[in-house]
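One structure below.
A, B, C and D are the chain letters, set down in written order, and residue numbers restart from 1 in every chain.
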Amino acid sequence: MSWTADEIAAIAASDIPEGAFVNLGIGQPERVANFIPTDREVVLHSENGILGMGPQPSAADEDMELINAGKKPVTLLPGGAFFHHADSFSMIRGGHVDICILGAFEVACNGDLANWTTGGDGVPAVGGAMDLAAGAKSVRVITLHTTRAGNPKLLKTVRLPATGRNIVKRVYTDLAVLEPTGSAFRLLRLAPGVSLDHLASFTGADVLTA
Amino acid sequence: MSWTADEIAAIAASDIPEGAFVNLGIGQPERVANFIPTDREVVLHSENGILGMGPQPSAADEDMELINAGKKPVTLLPGGAFFHHADSFSMIRGGHVDICILGAFEVACNGDLANWTTGGDGVPAVGGAMDLAAGAKSVRVITLHTTRAGNPKLLKTVRLPATGRNIVKRVYTDLAVLEPTGSAFRLLRLAPGVSLDHLASFTGADVLTA
Amino acid sequence: MINKLTEDALSAVSAVQDGDTVLIGGFGEAGNPTELVHALIEQGARDLVVVNNNAGNGEIGLARLILKGRVRKLICSFPRSAHGHVFDDLYRAGRIQLELVPQGTLAERLRAGGAGIPAFFTPTAAGTDLANGKEVREFDGRDHVLEHAIRGDVALIKAEVADRWGNLIYRKAARNFGPVMAMAAKTTIAQVRRSVDLGAINPEQIVTPSIFVNRVVLVPTPVSERDHVLDKAA
Amino acid sequence: MINKLTEDALSAVSAVQDGDTVLIGGFGEAGNPTELVHALIEQGARDLVVVNNNAGNGEIGLARLILKGRVRKLICSFPRSAHGHVFDDLYRAGRIQLELVPQGTLAERLRAGGAGIPAFFTPTAAGTDLANGKEVREFDGRDHVLEHAIRGDVALIKAEVADRWGNLIYRKAARNFGPVMAMAAKTTIAQVRRSVDLGAINPEQIVTPSIFVNRVVLVPTPVSERDHVLDKAA
């Protein structure tokens, strides 16, 4: 009826070309690393100063000085490099990271993204999200199509404070792959068993099919 | 009747404290390196990406990838480091270089320095002079007291295009050591056999003796 | 002879003044100078402005400094962590100020501070709430925000190896904010696991050259924050 | 499989267009990518804007590119050298433009170009003729000049060792402008003395990470400019 988290990750991974430099956001986007086609070499960037990030180590090999943006232990592939924070964000802000895949609270059909604060009375935290939104050549989003309460996360305009404006190029959800066009979302791929009517009714902006 | 080039260099060197990070300009200032008191450790910076620069090598050991700002072969002391140009000028502009000693065409008693162009029809060249003038904590000058034609180089105001404004803290010449005060030069030390009248007559601004 | 090495963390931080801006290295727990922060707690300075990417873990290091009421304001990008109740509680009670800065802007503002650049334009945060009140200018058809340098009175960082001049190398992702904070402070104090003879670090490999370092404190076996926090939780 | 290594300098520079901005590494002769510049001469692009610290030596490398009339404008800090008549002659004849930039501002403008910073304020050159026509603003009671980023269409640099991903390390003071130019260009081409297997360069020691490099050309025994210039003079 819809794609599983692994299926979404595999679809997003299949869109990453050989040789790309890719930053994966915390949470669901991290899963994409498990589905890079084995015949492609992709170089993963971590904001805290790593290129060539490899998979999680075994518990015995965990090293708290080799962690990813989510502070979880990772490994380094041959060809990987360490560098400091200003250099790391020069890669991001300077347009050297080809693709970043982020999570979202809301995405608008004009490409606006909201993913850093729910605007409540909690402690706000932004991390590297705004730098990635501003700097990566192609910003992509992985998200469930709706909130836990069943409300659309794909909207005409974001209601939460924005992370970046007009920057999202593609959205991968459990229901579909879509592209913000400015005034609507263009459908690129529909999950099996999901009807156009169903998709439209759970999307807060027009959906174009061509 | 006046100090030799080596004597001036030795006096300038004696004013450099233990542990200082020092950039020496091209030409006469380079000579200061030969007179650092042997009981003091001083770290020499070269704008092209070297800290801990050592003396000239023997001809057999010359390496054109280990050169100073004047493009002459040098050596590296234990504790020395290599870095790129942006880092090198961060050290300069960021105020981390304690002392730089530069040559001069003209120095004014308000601390203005002119040493990058004679304003003629030649090819202008600035190199790192303006960065050093703007960034070093203490800018000092070594120069002959007069031009070849016998005209004063220490003036009320510079006539040539300035390298920096209000930045020179001390001037070492063949006749004296002086300090720009704003409206005059204060005499700190007079070369043996040089009279105050002689000094005053070859200085283009007032000389204070107290 | 230049010798910046000491084993006395308390003396190393003795000059910190009330009201100082203190840059503290680290991302998560990698690169946290926990022993130097504990020395700063013992030293007693208060009313501090602290710059760190996060807001501390458990009740150790920066979290403990905050818990002791020494921090007036925190400048950081991500003041949330899996084990980070201390900042949360004070912030909700209105007892600590927060300046939230995008992580890359934070790193660049520190580098600018160290490089003598008072301000720069960045595309990050343009059009968002974090650009409110800031000067915006268009370059190449795109809005950019003017951001100002951050300079510290003191930087407390953690590196792996030092020599007596203060040259530093780091270990893996513990490098993070260390090099830019070392540049950005009037006085930089590094804790390191070990020291080596002058000349023993490959001059091609030195990450923070001696010019950016004032004092080096040897801490051969620093505490593991994770172990500490998990022990407390257990 | 990612493989940026080639032995064919001419193919490596094949995409350079007439009118391009070309960043060329080097300070004096250290770090000059002479063989890449000679390939560019053979390739034929003209009307170029070239960024280099100097203006070439003798009639080799950049000096030869200028001599061949391929350079419309030079952006540099120090266009004088002991063996540098080529630029001089054309400049005095009004046949080449010069934008003179203080060396540290040149390095910082390139780094800014690579780091996504369109403009920054610097104290360098404030109050001098090189600030004429530029925006000036006071910070901390001191005048600063607004300087803009430089980006290149192509960077030609020289390093010592590369792997097939394009990670680079340099040798001694030949590092100079290589790392910032690698960041600042759309396409970065590095010539290196040797290549090693992926993983053979210590990840702590990589100076230019692979993300900044597009192509690597193996030139095991590059020409010595000094020997070449002295031979000609003899």
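Operating definition for what follows: a residue touches a chain if its C-beta (ideal position, glycine included) is under 8 Å from a C-beta of that chain, and two chains touch if they have at least 3 such contacts.
Model, not experiment: these values are computed from the prediction.
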### Task
Give me the fewest steps it takes to get from chain A to chain B if each step has to go to a chain it touches.
2
#### Entry: Centroid distance [mean C-alpha coordinates] between chain D and chain B, Å
28
### Summary
CA centroids of chain C and chain D: separation to the nearest Å works out as 34
### Query
So what's the Cα centroid distance for chain B and chain C, whole Å?
35
### Query
Which residues belonging to chain A are in contact with no fewer than two other chains?
76, 82-83, 86, 89, 92-93, 134-135
### Message
At least two partner chains per residue is the criterion; list those residues in chain C.
### Response
108, 111, 115-117, 122-123, 170-172, 204, 207
### Query
Is the way these chains touch best called a line, a ring, a star, complete, or other?
other
### Message
How do the chains pair up in terms of touching? List each pair.
### Response
A-C, A-D, B-C, B-D, C-D
## Note on the structure
The chain D residues in contact with chain C across the complex are 108, 112, 115-123, 139-140, 144, 169-172, 202, 204-205, 207
### Message
Can you tell me which positions in chain B touch chain D when the two form their complex?
### Response
46-50, 63-67, 71, 76, 82-86, 88-89, 92-93, 121, 123-131, 134-135, 161-165
### Summary
Given the complex, residues on chain A that touch chain D span 18-19, 21, 41, 43, 45, 51-52, 76-83, 86-87, 89-97, 134-135
### Touching residues (chain side chain D, partner chain A) in the complex
1-2, 111, 113-117, 163-165, 167, 183, 197-199, 203-204, 206, 209-212
### Task
Can you check the complex and tell me which residues of chain D touch chain B?
27-31, 53, 77-82, 87-88, 91-92, 98, 100-108, 110-111, 122-130, 170-180, 207, 224-226
